[in-house]
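Presented sequentially are two complexes of subunit A, the first with subunit B as partner and the second with subunit C.
The block that comes next holds the complex of A and B.
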């Protein structure tokens, strides 16, 4: 079954696909899926007429594809070896692997877990009371068309639940692999992270493609942070150039919780990352960091939304981009400080380095402020390589190419330097260096 | 004359429509409320316009019918009934003496320090009775005429210089540009026209304030200003004294054209009636202002101080076509009580080495909502373009809002584009510092606010700057403490 991506296709295919989706025995979920489909019917695929999709037009690329609903069973190359090659010390992490949207127990390696820690694939946890309580509550199907589509069609994903006071020692490294060989595919992945009071976890969402035909990854992550909990979340996008990635992370933060979100993106023909957080209770803190590196015809679109609902909350947002070739980058950052959110400290910064004169940057840092006792600032800068700095290097006998690499690394590396995790740092350093190896 | 030869077809066309309606009204001074093709023909006929202008108006009207009211701005107002507006009426007589003027307005004049004789004129009292503006106007005109500067009302220009109007009208803001500009193109009744010939440096600041009948340009005003090669002009629009007007909707269009080496400095002080404390009855100011830097080394500079109107919706923009051309935008926007302002600028870089600077200061008090919305676009051909943007917001009171919506689009890597914005309230420590040196709280706030706006005030012509400072303190009166 392979048809052009149209709204009608998704509406009509649902009845047939339903039997293959997990949770057939859960009436509440069936209901959620149908409601989400209804929302998708209302919204349709986003067009560039929508302000939030102004610079990303799917009509000429994604919506021209024919993507199969079938999930081919492929056994990919040793994932562990792949991860090691990419610089991860996998012995020190809980590794979960999803291939083409389905959980692979044999490729995953979950270490022994203490009581009060649940790390499971979502499809097998649907009877869990926490899942029933929170699924679809934070990432509502009403707001975004792709989130609605995801709710209707999701097959699997990560479910993490920590009881109060649980401090998870090792990071959870979740790999979402697209390896569809000759068949086009689409995976709708859903992750749910619920942290109890004063608990702490580190999660890495890692998307990559190998040996693929065209595919779409539509990933939604819901995060619920109870009082005093801390989530360190990193999303690494290394999709194949034949891949389209549409991802949305939505978090709800309760009192004094901390949400650290990092987005590192190099892959994909088209990548759309949305990160939303609601600082629902006082003293919550949010850090959003991001780095996107693009070349060729790549299109990378980042949209963030920080909703300051309560007083005494902080948010710090830093996104950097390096663009080469004819690639396009969009940064649309939105900070909303509501009437009640006095003593807010919100900072946002977006910096772009253009390596070629055909790359395009669209930056839209927005502030909407309804409270008066606040400190809010945003900055955006777009520029090119500093000729004087290049000259300085060259005058000391360093080739222009090497000098360029050093300067790009100095710019992009800041985002890596800020990562405290010993597990991530070497891999992310490699991530940036590997990209530069291929850049002009 | 071109105008004469074109009169005939005008007669022919304009006489046609009367078979459809209101024949008896042809000679009347006012058109009935409502908008249709007949009304447009009526306006054009009344103003004895050449055929090309009528055609242009009708083209705009046809386009307007297909357009929808823009809804993207952060402003809220009940839908406007466009059929309930009188699109043409002869100037009305104002109050006969100062005694008939609203005492609130007089009080404000007092605070602003407006000279006695000017108060009457500003309040709309028939001018020649109290203030001999005619003589001021004529001496002005004579001097300008000697230098070849044309400065007159739009209607006069249509009669006397139709070739210039035909050449430049709509060349910067086309008739189909946006909802309000298109409406304006269809129904504008008057405005200002200014042409500075090659190499002339206009000897004085041109001001609508001195132009005779300027106060009666109506709610759909059209301004066209052309600075030919090497010319310079500084143009002042509006005035600091509060302007009352029975028309709620104002949709003006301002077009500026700067040729090679020319410079235009356009300053606006807008203080229209903002409505009462609940926001009732204030003016809706929906303006399209745009300047084109056509030639090399040309420069257009917009400076605005916006304190009035219930709703302000305007984005003075620069199209930087010529190489090395420069665009500037300096703005102070104040909202108090229920006022809403959605204002900013667009800088479109097309030519090489083009530069633009944006400094926007927003002050929100009461329940006011203030939005900066701006676009900086560097097109692929714009090598070495530079832009610097700074927009700061000051919040006074916990019910107001300050919003920043910048769009930055860079399509050339030799560009340097920077945007900075901050939002904060007046620091308690700053007020305390002033108070312990003997200033009252209100004076302290004024001092701090004026400091906040200094960068923009510095760009205003001298006398305007002084008045603008006073205006600011009047606008923010009672918003502290």
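The block that comes next holds the complex of A and C.
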């Protein structure tokens, strides 16, 4: 089936939308947006004919919806309370809140920042030299249709810039709240993180929906890590079941930089998480952890790409999934070790626990190696609940339901246990436990 | 206490128990012996409610209460405890957590107050000592990486914590050296009381030197073919099972 109709709509909408997008006074940005739109025109929406979209077909769901770019302006009052309820000690974080794609200064609380630290909403930072230099450079509109669409239409997001040597003490917790009430909408969020030499930051991207009709969140995060810098990045997906989430995080890592990326995904009717990193210079390290939990009719698709370009780099990737009901999970992890990337240490693992036999898992680890002196491993396993273990619990008086919860937690909790952040740990523990509480 | 009448069971269309009659009174220890494959483990599993078995006849009551209609957890709460022949390893589940969850589930079912972490730890530490178990075992994942002996001790520890009415020991002696065997047997003997009964399943007589039974039953092809006192075990040790089953003894494993 062709989706030209929908694509046309997205193209023609631009004329009307353009004037409302931030950066009207920035010629370079207007140019970027137009070029991105052109790329989107060439590419069109991804179809299941593309290998990387084989199991995620948008034609019958997302592309059938009419989603307005115009988003209602609402100010939900209880964001802080919500965060506390979810287990975050918000007093110990810089909190930034975006509601329906727009920054809310009232709901945000940025603590006093030292010189050399810029935490700002991107829309207000478009004149910043760093933004001009890097926006669209790492997450290029040429590679992915949704990224192109995002460049054309983005409204706002996080801009983080650390000068050399800045060690940010508190995490930056960014909330992207969808609350479109009775309208069906789409929002395109863009984050730019640029860390100077030997600087360090912790960022949390947190998506959720409340009081919503169908919506699309299309989020792009660009990360530039200079020599010796460290970014600890966690994406928490708690979109509403009426929500579609397409997100792409792309990082470029210079010498001896560290990119720690965690993805905890539980919400959404359909979620597509893409994480790409390029280990562009020697001794760079990347840790990619992830946990997806799905049930009912949910569809969660994870696609990662680790590009080993330079020697002596490490990448450790661990994704786990728990699937109940008739949900579908896809893990497609690609590691490319190029010719020059000698002494690469690359490890990848994907493990899935199927709680029902109607849940589907497609796991596709891929490793391509063109260097000869490397250590690489990958593995993938999908299993069911261990009946022997369940009976062992029961034979000791523990109910089958509680036994299941304990076993799911034993499996999934590993991804939480290895999070060092005191800020995240209680919330992520709750994240997993709450999901089990609602599971059958 | 435990009354088994005409119990028949099959697994995957294979008839394994062919009508078992057995009565164990309060405070008694009964041993079930028999060649490999005679159905000893099957009997232990059927009593504890393990899935996969089809009961094709007979009944089982514990203190007059029908056991066979209960879920495994309800049987455990009613006082049935099975010490597994092959205790299950559960990576990611802490041994203390497991023991505490079990004890509190049983207590709750009896309308007793659940124990908090402090009280529980005190209780479990007291039970560890006679079993010569290291406290560090409590912090490990359930049975994961435990040696054969450690696993069997852990089973007895669970039994000591849960204080069941009926303890079923399935080949608890297998894989134990003589020192560990004594420790385990002492652990079981310490739990013997006039309100608690045991069904001790074993292939060898050795264990029964330490846990002295009131009665010994010989199981062959899913039926009890002989019942006697503790001296029957010695006789079996000497002569093998062949003289009872009328078959040539299989190689002992």
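Observations on the model:
Throughout what follows, the second predicted complex is superposed on the first by the 434 of 440 C-alpha atoms of A that agree within 3 Å, B and C clash if a C-alpha of one lies under 4 Å from a C-alpha of the other, contacts with A are read in each partner's own complex, and residues count from 1 in each chain.
Note that in this section a contact is a pair of C-beta atoms (placed from the backbone, for glycine too) under 8 Å apart; a residue touches a chain by one contact, two chains touch by 3 or more.
Note that this is a predicted model, so its numbers are computed, not measured.
Legend: residue contacts after superposition of the two complexes on their common chain; A:48 is shown touching neither subunit B nor subunit C. Counting residues of subunit A touched by each partner, subunit B versus subunit C, the larger count belongs to B. Contacts of A:31 after superposition on the shared chain: neither subunit B nor subunit C is touched. In the superposed model, A:8 lies in contact with neither subunit B nor subunit C.
Contacts of A:169 after superposition on the shared chain: neither subunit B nor subunit C is touched. Once the two complexes are overlaid on the shared chain, A:89 sits clear of subunit B and of subunit C alike.
By the touch criterion stated above, A:377 is placed in contact with subunit B alone, subunit C being left untouched.
Applying the stated contact rule after C-alpha superposition, one finds that A:356 touches subunit B and leaves subunit C untouched. When the two structures are aligned on the shared chain, A:402 is found in touch with subunit C, with no touch to subunit B. Under the contact criterion defined above, no residue of subunit A touches both subunit B in one complex and subunit C in the other.
Every residue of subunit B that touches subunit A in the complex is listed here, in rising order: 72, 74, 380, 393, 395-425. Chain contact summary for the complex, subunit A toward subunit B: residues 51, 339, 342, 352, 354-384.
Interface of subunit C with subunit A (complex): residues 48-51, 71-73, 75-77, 81-82, 84, 87-88, 90-93, 97-98, 101-102, 105-106, 109, 142, 158, 162. On the subunit A side of its complex with subunit C, the touching residues are 386-389, 391-400, 402, 406-407, 409-411, 413-414.
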